[in-house]
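The structure follows.
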Amino acid sequence: MTYSSTAIKKLLKDVASAKISSNKAFVLLKDLPYQDIGFARVDHHRQLRKGFPEVLYCPGKTLEQITDIAGIIISASSILLATRATQEIYLALKKIYPQVKFDKTARVIFTQRKKIAVGRGLILIITAGTSDIPVAQEAAVTARIMGNRVKMLPDVGISGIHRLLSERKLLRRAKIIIVVAGMEGALASVVGGLVKCPIVAVPTSIGYGANFEGMAALLTMLNTCSPGVVVVNIDNGFGAGYFASLINKLFV
Amino acid sequence: MTYSSTAIKKLLKDVASAKISSNKAFVLLKDLPYQDIGFARVDHHRQLRKGFPEVLYCPGKTLEQITDIAGIIISASSILLATRATQEIYLALKKIYPQVKFDKTARVIFTQRKKIAVGRGLILIITAGTSDIPVAQEAAVTARIMGNRVKMLPDVGISGIHRLLSERKLLRRAKIIIVVAGMEGALASVVGGLVKCPIVAVPTSIGYGANFEGMAALLTMLNTCSPGVVVVNIDNGFGAGYFASLINKLFV
Amino acid sequence: MTYSSTAIKKLLKDVASAKISSNKAFVLLKDLPYQDIGFARVDHHRQLRKGFPEVLYCPGKTLEQITDIAGIIISASSILLATRATQEIYLALKKIYPQVKFDKTARVIFTQRKKIAVGRGLILIITAGTSDIPVAQEAAVTARIMGNRVKMLPDVGISGIHRLLSERKLLRRAKIIIVVAGMEGALASVVGGLVKCPIVAVPTSIGYGANFEGMAALLTMLNTCSPGVVVVNIDNGFGAGYFASLINKLFV
Amino acid sequence: MTYSSTAIKKLLKDVASAKISSNKAFVLLKDLPYQDIGFARVDHHRQLRKGFPEVLYCPGKTLEQITDIAGIIISASSILLATRATQEIYLALKKIYPQVKFDKTARVIFTQRKKIAVGRGLILIITAGTSDIPVAQEAAVTARIMGNRVKMLPDVGISGIHRLLSERKLLRRAKIIIVVAGMEGALASVVGGLVKCPIVAVPTSIGYGANFEGMAALLTMLNTCSPGVVVVNIDNGFGAGYFASLINKLFV
Amino acid sequence: MTYSSTAIKKLLKDVASAKISSNKAFVLLKDLPYQDIGFARVDHHRQLRKGFPEVLYCPGKTLEQITDIAGIIISASSILLATRATQEIYLALKKIYPQVKFDKTARVIFTQRKKIAVGRGLILIITAGTSDIPVAQEAAVTARIMGNRVKMLPDVGISGIHRLLSERKLLRRAKIIIVVAGMEGALASVVGGLVKCPIVAVPTSIGYGANFEGMAALLTMLNTCSPGVVVVNIDNGFGAGYFASLINKLFV
Amino acid sequence: MTYSSTAIKKLLKDVASAKISSNKAFVLLKDLPYQDIGFARVDHHRQLRKGFPEVLYCPGKTLEQITDIAGIIISASSILLATRATQEIYLALKKIYPQVKFDKTARVIFTQRKKIAVGRGLILIITAGTSDIPVAQEAAVTARIMGNRVKMLPDVGISGIHRLLSERKLLRRAKIIIVVAGMEGALASVVGGLVKCPIVAVPTSIGYGANFEGMAALLTMLNTCSPGVVVVNIDNGFGAGYFASLINKLFV
Amino acid sequence: MTYSSTAIKKLLKDVASAKISSNKAFVLLKDLPYQDIGFARVDHHRQLRKGFPEVLYCPGKTLEQITDIAGIIISASSILLATRATQEIYLALKKIYPQVKFDKTARVIFTQRKKIAVGRGLILIITAGTSDIPVAQEAAVTARIMGNRVKMLPDVGISGIHRLLSERKLLRRAKIIIVVAGMEGALASVVGGLVKCPIVAVPTSIGYGANFEGMAALLTMLNTCSPGVVVVNIDNGFGAGYFASLINKLFV
Amino acid sequence: MTYSSTAIKKLLKDVASAKISSNKAFVLLKDLPYQDIGFARVDHHRQLRKGFPEVLYCPGKTLEQITDIAGIIISASSILLATRATQEIYLALKKIYPQVKFDKTARVIFTQRKKIAVGRGLILIITAGTSDIPVAQEAAVTARIMGNRVKMLPDVGISGIHRLLSERKLLRRAKIIIVVAGMEGALASVVGGLVKCPIVAVPTSIGYGANFEGMAALLTMLNTCSPGVVVVNIDNGFGAGYFASLINKLFV
């Protein structure tokens, strides 16, 4: 069974109406809080608590561990989201779970059968350069799986600011904007000066020299003089997409 | 005149209906984009563009400059918000603009006559310790001035986690949570593991030694393993309150 | 001969009772303080002084150097512990010393024939995530070789804190807890708020972006607001296991 | 009433034997988990959970807040420990609570009426230089209040290592050693090479130039090549004394 | 005598035409390379070599040393420029050299009698905020003393980018632009995307938290994606003004 | 068509004189601001605005993206400049655009058919060591493509300062000097003390240990005591060459 | 008695020749290794071991502690050297020990009655600027007290390198050179390229912005491309003077 | 010809005595200051100025460049010293210059035909661990080639301090000590407390976690409380050996 609110409410009704014995219900529910598989405790309760199942961060885990955890998530929930995945992991999972898909640019493996509440507004994802696209794509895939309309506006960095200004209409249409930028990361401040909507800034590690692997863009975004801008970790496209979805569905 | 949308629409109607000459309207509108007072260009257009007038950050400005800028903001808009203010600045402003108020803990000077759209949900501001209250208060004052219901839950740091867990009902009631924490800043991750709603984390500079003036808490919050958490600059209570208000009124 | 206290006392008795000539005893004892093999001075005295023989840290040493040092430690003591070892080192040692074992996850080569005093309480090793297991396993192997009962509780990170809270009984049973965590490393503070026993925190280099190779978790742990928490170097599972054993046997 | 285990057990017995009404007992117990005084939630449960009441860290709190929190701690528990205190705070507290004492060197205010379990072994506190004494004294006061025998051995830094070596007997007598050192902080490693017992290393901010406010000593201690050494935050004498007490009473 | 090219050429002609004895000329010239006054070697040759006399950086020097060095510069050259000066230094110098002037905002003491070659184009100095004006003013005073036309355009930071865009005509008229910005320092990149002329970026230490005393703005400017931008040290208004003058007079 | 000023002016004349229909002209001009190719917005307007077309920074882009962008730049402008390129990229481009050339040392791919205004003075590029040559060469290629006379003076580092001093004549002849130096980067300050002309300093990542990937040289150059020195990012030879060209053509 | 080699040898001879009883000699000698005065262990043995008595570093010590330690050093040795001292400390010491002198610039209190072996060559101390003189003076006082001829050559920084080059004769005469420099600290490398003798480089904290309190100069000096240069801590004039004396007397 | 003092003096005598024409002598001497080979200026004058020819640092140079520079150094001087060399470079050089030798551990290629003045005392090189040997060996090879007696004492780190203390006689015999240590680098301070002679400390990059590639050991050594210790860059064995040789031959 899956551990969504609906499924659990139905189960309890079935017990009440004696369609299912309390013993059998207990067996189904006993894994609810989490499932202990030795090296991991898969958090089934998270879907209830957070509205979205546990997300699988791949680095530092063996292929066996990833396969096992993915299997448990897939059987308990209709949504698998595995980030920083590789082609090798994808092929291993694909063999067992043919329904998984792989977004190579975003390095995300995912599968989705369940209907999810739809976000209210448009999430616009802007990148400063072409090299920032993979991180932006991770944000886009995440937000889409979570039920949001997403639009990408890549390569509108401030060295040619007319590219951004000519899209003012689109900027105004967006309900939430994710700004993905490496190098000096100034795009978030500029967008923040133009629009009214909340902005989630994602520094990327694109750059060299005194960029210090994204540190420069991170500091820029944290120190922004434009109000209405918040920041996630360097290259954390997933985090930005997730947060954007949260606020897009805050009053759904 | 004030530069709110309503005021400007009314002015244009008055021109259309010949209640006011176009010449007079021009004089009233010519400062709209910004007002140049030599050392500053007060951005009157911001209220239209961002929905909130320019905010006055006090440090690094002379008392004269602050008085002048505050005066211009007050006459153009019904909302003054001056952050990182001192008692001395307050007294100087009070003499000229008796309507200004001072929240000493938050170090914020403000004045408000205008009605503002009301945020939909409750914004809950949590602090890890008593020493984090000034930053939390800056967030609270900001969010309240912007038209939101705000509740403070101070001193629920994780060294005594039952203080937090016993407030689960309140946590669940909140639509947005601002977590203000110094030292190791771990509270944001813990709250992020408990609730569904978006969390804005504010690292504070409270701590000593390897805290490095808030760096430790900042890094903790950026690296959080709980999804749904975003970060603003160290001690930036204003930024958190502003952002929380934005998302609370996103679909108003 | 081995250089344990017991062996040396026996040797001295044998001299006293003329079972062995003083000349022969001298030859046996002359390497006691340390054995000079050119590129290394193996510290045989350490077993007497510290209660545990020298531990072999592999990186930066050639295979020949490792084989030589390991050989000397094995012949003088019944306990070899070689950390950060590779499969290649293991195979080379195995050929000469068939008794060596390899814990691949912990990257530790070890061999143990001697009885060792038993630690009094349970050492519990907790990890925040699955990716932290290798460092935790290094701590576990070390503590077990030193004569302690060890239990692992992996993947109870604070993004799903109920996984931790549901193990309160186990937490209370432990006499010493080792907390192994990467990302923001907040688990140590949370555990520190729940239990009475001493906690040894091990930051790991798991994470990305502003994690700075474990720096974020290290700072978090050093700045913990929970009393009773101490810290070792990033990824230093060995150091944590060793220290936990020391305090577990402090009054044996 | 105080919230020690003994006091609570007695209360429950009195309810059982009808010496006290359950209503009255409820009033006494309702503040057990914590007491909410607006700006703080004093954690009365901590004494039960951690074996020691909440400790009051003074910086960043107003005099009023400190007085209020101290009053609550004093009335609920027999032990007040306020760290990083000033003469001014002391005088303010002294007026209301004449029983408080002030250790000026350690910057600690404390009061103690209750008997506490006695630690089993001697805690030895070593400093590298005379300037490290205040931090060492904070550790000493903390450990003594918690019921331990403490001995100080100041100014035995390694620029004159015979001062340390001549105290080998004392080093061997100690069950736990706290090493307090600034500058390059190398003393912890040297002591760690000499003794068998656990060592808690406290880096201090004494030094200049490339010391970076204690960073140099902190890194030295974290990277120690001597096993059996753990580290607390820079200048955190309290943390070291607290942890030393914990392990000294681990099997009491 | 002054040590300008003109003065020296005249002296040599006078020797050639026997208007002055070679002995007397020698006495006048012997201090040319530099004048040793014990604690300083005032570099008279600099005016010839660099086209501008030595500039006096005040911090770290005693009032006596400043007075002595200023006196020597004034008597040898017609141009004194003393940076990071205080009111106290100014008053001390004013007593002896009534011709000195003090720009309090720029913290610069200066005096100028000599005609200097005039720079060809307009140097425009832009600031992001009002708090950046002192550093901008240091640049302005420096460039003006060196013979350039300078215009200030303060408070056009990117949180209200229309303030900048509405000055495009002025931006295009400038031959060199100095951008002075604290906080996240993104203004330099934006200006760099709009204009063709060379830009000298000056990060300021205005900001807080993760600004790290100007580090954030410095990194932003070094990592700019707009070509044609170079950087000087944090708060180094003098350096920017000096460099701007150099390039403005490169082909004079 | 190309988007140079000349080409556009000619087009407009042709429309005026009816040589070309306004419809056809519109089609030709509609891509002027930028050309949207999905993953990139190639900024054709840059040649008008900045006097030089968009430069292609290769890292982080796929081979397909690079080929596409390069194609668009080549067809719209006569100047392609692709930095940090590899042999592989070169071969891929060469197949399609046989006119491209590759400077292997500078890692720059370029092609140039159009005449460009000639810089007025000599740009001299100095390196401290042989290992700094690749970065210097990137500066040289850039400046040459932009129409400047460039001379290289490699390996005149200050450990043998006579190598530099013996070239004083050449130093004086130069109108702009680019100093490229790794290790401690002191060469820029020394040259800055010798010459009158503007100096652009480029720190390189050559060095080891406390060099921290060019950080040491960068800090040296930012803190220079010689006026007239500005700095670009570590290893940013392109930026230095570009800026040198700007100032060399400032009054052309 | 003093604890110099000569004094101790004489004492032993007196015992041998029965001029003094062994009991009395014991009393005189029992403090030899060090003298325990509670908060400090004054290392009398240092004079024998290191050839120079313990040096008193003042910061972090109370006036009482300084007076006590100074008294013990003075009575046991003829040489007191107290660094980072203040006028207040000097006046307190002067009252009790009228022989103490104070070098205000160097912030050193000292007293010297004993003859000391004379260093063989000239120690030359060079400073980059006037603001570096206090640190240089600390080195000079130290080296002079230790028996060396010292010459100061201040303010020969590389922004006017002819000031340095014109002193080549002096540079060549020196047997050891101490280079004291703040800002970018490049002087050490330049001197290192000119001379054959060993150079001790002292970075100072003079500078601003990206100087980071001397970090820039420190990194420069550590990364020097000139062989024959070693480095001491930022502002550590004492350490440089001490080391220079050591090598100047190495073969005395 | 070689460019040693002796060779040049002989040449000049030959000219004086007409054994060689002045024209021929000029040809021989014209390359004296340095030899320009395009990408490098080999500094032949260095042997006269510094007493040792230019040393070839290999990283960042192509094989061709290394071969060319090495060839010029070999033909002009009898001493080649190439550091950070690889087996590949060695084989390439060996083919052309069969006299070159390679110390694989030290990564140094060298060749030596010329007699060099002999250093007066013994240089002792101590390492903390076996992994520090390569850096120590670079120091040893350098010092030996420069004409010094060198002894190695590896693996006497302070975790077993008796290994060091048992070598006190050797420590006292040394005239200069080089201490090579990674991890926490505390060995330099300990040795500095024991001996009278000058100590050159070399931090190595051996370590992990908060070691930050040698930063920890570097800071330890810079902050040493033992006088008489100076520091070179991380892993800079060459610099230490060179400096030790300088002071060992200071009064030769």
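A, B, C, D, E, F, G and H label the chains in the order they appear, each numbered from 1.
Just so we're on the same page, a residue touches a chain if its C-beta (ideal position, glycine included) is under 8 Å from a C-beta of that chain, and two chains touch if they have at least 3 such contacts.
Quantities reported herein were computed from a predicted structural model and do not represent experimental measurements.
Path length between chain A and chain F in the chain contact graph, taken as the least number of steps between touching chains: 1. Chains touching both chain E and chain G: F. For the pair chain A and chain G, the CA-based superposition corresponds to a rotation of 180 degrees in steps of 5. Chain centres here are C-alpha means, and the one lying farthest from chain C is E. Of all chains, the one whose mean C-alpha position sits at the greatest distance from that of chain B is H. Between chain B and chain E, two chains of identical sequence, the interface residue sets overlap only in part, with shared numbers making up under half of the total. Measuring from the averaged C-alpha position of chain A to that of chain E gives a distance of 51 Å. Between chain B and chain F, the centres computed from C-alpha atoms are 44 Å apart.
Chain A and chain B have centres, each the mean of its CA atoms, that are 28 Å apart. Residue positions of chain F touching 2 or more other chains, listed in rising order: 49, 129, 159-160, 194, 209-211, 215, 218, 222-223, 227, 233-234. Going by the touch rule set out above, the chain pairs that meet are A-B, A-C, A-E, A-F, B-C, B-D, B-E, C-D, C-H, D-G, D-H, E-F, E-G, F-G, F-H, G-H. Of all the residues in chain B, the ones that touch chain D in their complex are 129-133, 154-156, 159-160, 162-163, 166, 182, 206, 208-211.
Chain G makes touch with chain D in their complex at residues 33-34, 38-41, 43, 45-46, 49, 54, 57, 59-61, 65, 69, 84, 203, 205, 213-215, 218, 233-236. Contacts from chain A toward chain B in the complex involve residues 49-52, 55, 120-121, 175-176, 194-198, 200, 218, 222-223, 227-234, 238-239, 242-243, 246-248, 250-251. Across the complex, chain A is touched by residues 128-129, 157-161, 183-186, 189-190, 192-194, 207, 209-212, 215-217, 219-227 of chain E.
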